[in-house]
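Order of writing sets the chain letters: A, B, C and D. Residues in each chain are counted from 1.
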Amino acid sequence: MIRELRESDREGWQRLYRGYQEFYGYGDRAAAFYDKAFARLMARDARDFHGLVHDDGGRLLGLTHYVFHPNLWRDEGVCYLQDLYTAAEARGRGVARALIQGVYDAADRAGVPNVYWLTAEDNYPGRMLYDRVAQRTPFIRYMRKP
Amino acid sequence: MIRELRESDREGWQRLYRGYQEFYGYGDRAAAFYDKAFARLMARDARDFHGLVHDDGGRLLGLTHYVFHPNLWRDEGVCYLQDLYTAAEARGRGVARALIQGVYDAADRAGVPNVYWLTAEDNYPGRMLYDRVAQRTPFIRYMRKP
Amino acid sequence: MIRELRESDREGWQRLYRGYQEFYGYGDRAAAFYDKAFARLMARDARDFHGLVHDDGGRLLGLTHYVFHPNLWRDEGVCYLQDLYTAAEARGRGVARALIQGVYDAADRAGVPNVYWLTAEDNYPGRMLYDRVAQRTPFIRYMRKP
Amino acid sequence: MIRELRESDREGWQRLYRGYQEFYGYGDRAAAFYDKAFARLMARDARDFHGLVHDDGGRLLGLTHYVFHPNLWRDEGVCYLQDLYTAAEARGRGVARALIQGVYDAADRAGVPNVYWLTAEDNYPGRMLYDRVAQRTPFIRYMRKP
């Protein structure tokens, strides 16, 4: 079941988010990183991030975080899905697909049909799913040199 | 000279922004599209878009629009450079490079070092510049099917 | 066990090669296509294609076809691995990896260390393997319009 | 004028081919590299490389080298255009385009309609031309680790 993240999810959420950060090579995030992120998600600020989880009878199998932000071409803005993670032991069971659908549903309720995300070109398992539930665009990301 | 967009730029700004929209195949935008975009830029809402122009003695040679939006990994958020355009007759004179630097400077003043943008993989003239002033990341963009 | 393709493999080889052709959308190849390809592989012409199969106690689980061709930068030429296929029921057991290694070994025996192949950017299962046993280059393929 | 490379082109050919090698970071090739390549091109072996040059009244402005090699899917094989170079001072005058057309013509005479080449994803000037005279395929190149 996909539902909004809530205060009582703190422990299970952090376990998942840590797994996600480890996937990207940030396994050593300080506790403050998780504290701040969770506090922002719980603040329910319409202009900041929202969280959804996949709850399997009380056990969290996956999470996603998304935000609505302005776009000059669209009055209603766009929805950016930043984080998506499925617990290693729950892969292949449709968790990520359901979470993406959960974001689509939330975006529809907010009147923001345009949902997008970025993924590494070589995130093969992710892209197998994304090619089915979304479409690749020809856009690539540039960033200012740190 | 790079400077903030202002009310008196309306005509020159629209000429440029129309050129940019034509580049992306949206040459037939209604007047309301430009009216709304300009009004948003003039509202100077810290959470909405900002505009910079390249002013060559009163003649506008290029424009850029950027916005600061939240990022769950960074307290200060990130800066998204959405639009960048140089008038056809002013290409090759460093206009786009100066505009990007203008966004970098604005981002620095806002305490948001992370600036990014998206570009089509086959935007060769753009990428020749971007490879010099920024770095390509391995990230590609997926979007919900319309 | 990886070994050279031989005359008695005709039936099993065609079953595999048909599967491979179907993967690429050419499921309706005429019998002549297979006849010619097999005859060329059996001719053992040093300048034409060679075949290797993965033989699991008499049952063929996979095949690969490769050819040596000139390269103006290298006296010894290069080795092009054109076809690689694992039977659907034998996936995930290292068949493709062993076949690639078989080509590497054949190339070493021929004094041609440079082995390459081309794959679709979105061949995710293939690329998961290729990233481990080879390296991606920045080269992309252009072809004359048909 | 596009014509076949000939013995008397030795000096002008080497000047161009050195420029091309420098472009790829191989500016220090030994004389033997050029000796061997030129000898192979002059041998006119149907299975080895052929050379074309762009001759502007006795001055060579560009070169290309191509080879026909077997392909298991096509009886007639394919034509691989390996090298293409325009002298720095002759850019923007259609030299590369004419050379590619020269290879297309030679391939037609040989009954080999399929012509292909590989190029770096970030070879923007090249790709501006290639997108017009050919088509990009989704294929990327993998190579054995050296």
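Everything below uses one rule, namely that a contact is a pair of C-beta atoms (placed from the backbone, for glycine too) under 8 Å apart; a residue touches a chain by one contact, two chains touch by 3 or more.
Fair warning: this is a prediction, and the values are worked out from it, not measured in the lab.
Student: Report back the single chain whose CA centre is most distant from the CA centre of chain C.
Tutor: Measuring from the centre of chain C, the most distant chain centre belongs to B.
Student: At what distance in angstrom does the C-alpha mean of chain D lie from that of chain C?
Tutor: Distance between chain centres, rounded to whole Å: 26 Å.
Student: At what distance in angstrom does the C-alpha mean of chain D lie from that of chain A?
Tutor: Chain centres of chain A and chain D, defined by C-alpha means, are spaced 47 Å apart.
Student: Just the number, please: Cα centre separation of chain B and chain D in whole Å.
Tutor: Roughly 40 Å, centre to centre.
Student: Could you check chain D for residues that touch two or more other chains and list them?
Tutor: 122
Student: Would you please name all pairs of chains that touch?
Tutor: Chain pairs that touch: A-B, A-C, B-D, C-D.
Student: List the residues on chain C that touch chain D in their complex, please.
Tutor: Within the complex, chain C contacts chain D at residues 36-37, 40-41, 47-49, 65, 67, 69-73, 75, 80, 82-83, 104, 107, 113-122, 130, 134-146.
Student: For the complex, which residues does chain D have touching chain B?
Tutor: 122, 124-125, 127-128, 131
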